[in-house]
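Given below, in the form of structure tokens, are the structures.
There are two complexes below, and they share subunit A, which is joined by subunit B in the first and by subunit C in the second.
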Partner chain A sequence: MDTLLQVLLDGMLNGLVYALVAAGLCLIWGVMDVINFAHGEYLMIAMYVSYWLGFLAKVDPLLSVIAAAAFIFLLGVLTYKLIIRYTIGKSPLAALLATFGLAMFLKNFCLNRFSPNFLILSDTWLGDKTFQAGGLIIPLPQLVAGVLSLAVIVLVYALINATRFGWAVQATAMDRDAAELMGINTERIYILIFGIGGACVGVAGGIMPSYLAVHPEVGSLFGLIAFVCVAMGGFGSIPGALLAGLLVGVTEALAGFYIAPVFKYIAVFGLYLAVVFLRPKGILGW
Partner chain B sequence: MTHRSSRLYHCLVFFALLCMLIGFGLKAEPVMAAEKIIKIGTIFPLTGPVALAGQRCQAAVETAVEILNNKHPNIKVPLADKKGWLEGYKFVLVHTDSQGKPDVGKAEAERLINQEGVWALIGSYNSSVSMPASFVAERAKKIFMCGASSSAALTQRKPAMNFFFRTASTDEVESIEFVDVLKWLNKSQKNANIKTLGIIYENSVFGKNASEQAKKAAEAGGFSIVADVPFTPGATNLDSEVQTLKSKNPDALFGAVLGADYALMVKTMKKMNWVPKVSLSYCSGYQDPVIAKQLGGDADFFMGSTAYSPEFAGMMPAVAEVEKIFKTKSKGVPYDSDSIQETIAMLVLAQAIEKAKSLDPEVVAKTLYANTWLSPMSLSGEVAFAPGGQNKLALSIVTQLQGGKYKKVFPTEKADTKPVFPIKPWDKR
Partner chain C sequence: MRRKALDKKDVIWLGFVALLALLPLAPVVAANSFHMHVVILILLFASMSQAWNIIGGYCGQVSFGHSVFFGIGAYGAGMAVVTYGGAPWPGILIGVLLAAAIAVVISYPCFKLSGHYFAIATFAIVEIFNRSFMVWDWVGGAMGLDYPLVKEGLKNLMWYDTKTGYYYCALILFLLIFSVVRWLEGHRFGYYMRAVREGQETAESLGVNSTAVKLAAMALSAALSALCGAFFAQYNLRVDTPMVMSLDMSMKFVLITILGGSGTLVGPLLGAAVLIPLQEYTRAFWGGLGGGVDLIIFGLLIILMVVKQPAGMIGIIGDMHRRFFKHKGIAKGDSADGSP
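Let's turn to the complex of A and B:
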């Protein structure tokens, strides 16, 4: 029983981080219908920001997570201003290919500047600390990352559903032209959504160097899993992204432990195909 | 033409002549004595999860070529004096990036042979890339020198390859050596009682073959395998993999885990508060000095096979001078077990060309098989190839990381320290 609970706990903690990465992507996708292929690379850049702040200025990831989120917010705004703006209203492939190019640029830039070296931040506040609760081993860095992810998801959900800004975002997502006629500055909404979507992944990436090595390839699989979560949860649905993130994390852990470790991604992508087949709009899509 | 413009014209002509003279002066040698070129194509993972190892392997080949192309009387490896048949030749490298992917490696091998017109290939670190890339070379009758790929399957292909040569030891040899270590620990350590074995390996040609060899050797040695754990390279976490190992709790662990995955595996073991009594790694993240440094004390007490580490310098004095050149290309990182094999492979190939006095690949391949090659950078000091292309003189020593240093622990006649056994639990370090 303890083993099952341990596996579930590990899966949920990983799932919460997947959910936060997915929430950022979900926001951009849901509001703008833009597929940001560089989302995984945003995560990687956030990890580098946090790592270098930790390494050079001895700032702990718990603090540098703010700087990482702010940096990726700016990166998101710049991405919109310099790339995405010119693809709005054109073929959906235009934005997809443009962000794919951006992903390649960011990955190769980091390869060139920081080498493929994987960098591990030592002596962090959370370190490799664990504590026991009953028979469970609870890793502190992953617990903090999970709780922080959940808090940010709730915050973003509240922002979208309980503020005037959020209502404007929803109106823009439903019908941009009608929203403009109502006096909403949709261009500003798009800029902010790209920034906030980036900041979500920035928070996830900012805290991750507490327990994960940083290298230029680190964002690739996270990015892919985020796409799966968004499609599974329902395009534009933040609760859907949270639910899907948790489902992915738990499925991965259960399949990895009870079937075979090599089966874990087969189970995740199998689940994704099943959900898309049975409910193409995703679990909470509308 | 006015007097003024004529003067300007003469000034320009004079200036142009001066530039040409300076140009000739600076480049007098290449123009006067054009060298004959031997193009060698390299295929390594320069990007992707094992890019760090791939870049060092490339630097190792560059090091060998720098020695071969210039006179280095202070370096005690064959052909460093640049005398003999190869004196009029220059090796030129054409680098490619396999990304660690078999299909990309194969396509690059085809491009190197068909478009770049290389004379031979060297690579590819990942066994899964060396396999298809060397098939391309074999079909084109081009020599493929393989330094570090360790899958035994590479040199056991049927029919045997004629143009494929591998200098490193194989996971078959290492598996037998690892089982010998377990037997030795059972004999030499009080209450060692090692009976069960777990295997963790990446789901690739390298990992699968290593696991098969491990199973074969373990069965022959009387050990039972209680955990067989393949994983997807580059995974976001290794929680279920380590949890599986922990639940089966094998006495010993054999690992074929490369690059960042190795660091993640060790970190996850720490998170789950589990270690086996002994852990032995094939050519993998364990051998990488950068990983050992990054992991710090967490890397300690793990073991693995090692063909070279800076701690072996006393046994291989020729390496020191070569390593100075290597470090200029690897950002100061010394040779490791894998990268040194690529320098050895290139130097052996050059020796074979020198001996054959020919650039006919078939003649050079036959020469490679027919002779034993001096190799001061190998543990055995020599290289000789068996049918299929395996270096039958390849040796490795089992080391244990202690205080960040690779300490030689097995075979006992080569050991410089006693192993810490069992591995210290995480809370007692």
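Let's turn to the complex of A and C:
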């Protein structure tokens, strides 16, 4: 029983981080109908930012989160300005292919600059610390990452649903031309949404080096899982992404523990297929 | 509806193929095996992308799952030679049939999904196949299949001394797949596919069974992809999952077709003729510096091409055509946004 609870807990903590990565993607996807293929690479860059701040300037990942989020916000804005802007309103595949090129560029740029080696940050505040609660072993870095992720998701959800800016975003998502006629600067909304979507993944990537090694391929899998979470949760729905993130995390942990580690992701992708075959628009989609 | 056996377009195509058939006689190409290698890859990737074009371009179902079929073809040939120590031909046949069967089975539920849900389902399928094959010992697992040295010739579909044998095989493959698509363009089924792409409901209301059309197009596309996979295995003399059955391989099918011009006969050839030399020569010039300089440049070029002309190279040619023939009143904007 304790083992099952432990596995579930580990799965959920991981799932919260997946949910945050997915929430960033979900925001971009929901508002602009753009699949950002470089989303996983954003995560990787954020991890490198946090790693190098920790390695060179001895800044703890817990503080680097802010720098990483800001950096990826700028990267998102830059991506929009230089690439996405030209693909809006054209074939829906254009943005996907252009961001695939961007992902290839970013991944190999990091490979070139930082080598393919796994980089591990030692001596962090949270690193390897655990505490016990009612027979469960709770790893501190994962717990902090999970709680932080949940907090950011709630914050983004509130931003979209309870502020004037959020209403403008929703209006733009529904009908760009109509929103434009109502006096909303939709270009600015697009820029900010790409930045905020990037910042979400920046927070996740900023905290991760306190328990995960950094290498150029780290983002690819997270990016794929984020696609799966967003589609499983339902198009553009942040609560859906949260739910799907938790489901994916728990499935991954259960399959990894009770079947075999190699079946982790087979189970996760199988779960996506099972969900969309039953509900073609995702769990909370319509 | 009968049409003339050959129209002007076909004569140009046949002339082009005849030119390709004579290419190994040209000393510039034949004497340099690297140039030969690049030309073989262009033909192979043009054929693969043309196979994808059937379902992705003409029928409008953008699948990122074609490396599954490509991989099954490659494993079919590879296992016939490596695991069972025979000629590749029975393995190729089994691979092609199996790919078509699997395509029908997995596409049937996927076709109920729309837009991005469909695209991501095909990603998920590639990942499931990729990870399963990696741990499946019967198909070689993570080690992959390494070809033994056997006698060269058509029986074993293997050549060592020169690449000319491979070249003619690639040319036959190219001719086969392009002829199939050329034939489809004028055939009733080709019109059904385009009708489904342009509007499934409208097509249905006119009596087209859209599910049957999509499944048939997918099966054909998968079978032809598997054939290309088998050739790739024979050419590479090695089959492993990350190479033949990965998302990167799937992206190549899509990238070449879209950048060339999807839903057109020349698009895949244009795409392959530009992207493959870029990929191979950047690798040859900068790959040696280590650390992916070739892929950095390749990534930037993809971005540049998509941003400049999302309709692909066929769009660029269309623009140039319009610019030069403006005074003759060529119709505007007919193919510039032909993508699905």
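By definition in this document, the second predicted complex is superposed on the first by the 286 of 286 C-alpha atoms of A that agree within 3 Å, B and C clash if a C-alpha of one lies under 4 Å from a C-alpha of the other, contacts with A are read in each partner's own complex, and residues count from 1 in each chain.
By our rule, contacts are C-beta pairs under 8 Å (C-beta built on N, C-alpha and C of every residue); 3 or more make two chains touch, one makes a residue touch a chain.
Nothing here was measured: the structure is a model prediction, and the numbers come from that model.
S.K.: Under the superposition described at the top, does placing subunit B and subunit C together on subunit A give a clash or a fit?
M.R.: clash
S.K.: Can A:V262 be said to touch subunit B (first), subunit C (second), both, or neither?
M.R.: both
S.K.: Please indicate which partner A:S115 is in contact with in the superposed arrangement: first for subunit B, second for subunit C, both, or neither.
M.R.: both
S.K.: Scan A:L273 for contacts with subunit B and subunit C and give back first, second, both or neither.
M.R.: A:L273 sits against subunit C, while subunit B stays out of touch.
S.K.: Tell me the contact category for A:A94 with respect to subunit B and subunit C: first, second, both or neither.
M.R.: second
S.K.: One more residue to check, A:E252. First (subunit B), second (subunit C), both or neither?
M.R.: first
S.K.: For A:L212, using the defined touch cut-off, is the partner it touches subunit B, subunit C, both, or neither? Pick first, second, both or neither.
M.R.: A:L212 sits against subunit B, while subunit C stays out of touch.
S.K.: Contact-wise, after the overlay, does A:D175 reach subunit B, subunit C, both or neither (first, second, both, neither)?
M.R.: A:D175 contacts neither subunit B nor subunit C.
S.K.: In the overlaid three-chain picture, which partner chain does A:D2 touch, first (subunit B) or second (subunit C), both, or neither?
M.R.: In the superposition, A:D2 touches no partner, neither subunit B nor subunit C.
S.K.: Identify the residues of subunit A that lie in both the subunit B contact region and the subunit C contact region.
M.R.: Residues 107-108, 111, 115, 262, 265, which sit in both footprints.
S.K.: Given the complex with subunit C, which residues does subunit A contribute to the contact?
M.R.: Where subunit A meets subunit C, its residues are 29, 35, 83, 86-87, 90-94, 96-98, 100-109, 111-113, 115, 224, 227-228, 231, 235, 262-263, 265-266, 269-270, 272-273, 276-277, 280-282.
S.K.: Sort out for me which residues of subunit A touch subunit B in the complex.
M.R.: It is residues 3, 6-7, 10-11, 14, 107-108, 111, 115-120, 122, 128, 130, 137, 139, 142, 211-213, 215-218, 220-222, 225, 252-253, 255-257, 260-262, 264-265 of subunit A that touch subunit B.
S.K.: Taking the complex as given, what residues does subunit B use to touch subunit A?
M.R.: 46-49, 51-52, 54-55, 203, 229-232, 234-241, 243-244, 247, 259-260, 263-264, 267, 270-273, 290-291, 294-296, 298, 331
S.K.: With touch defined as at the start, can you tell me which subunit C residues reach subunit A in the complex?
M.R.: Against subunit A, the touching part of subunit C is residues 62, 109, 112-117, 119-121, 123-125, 127-128, 131-132, 134-135, 247, 251, 254-255, 258-259, 290-293, 295-296, 298-303, 306-307, 310-311, 337, 339-340.
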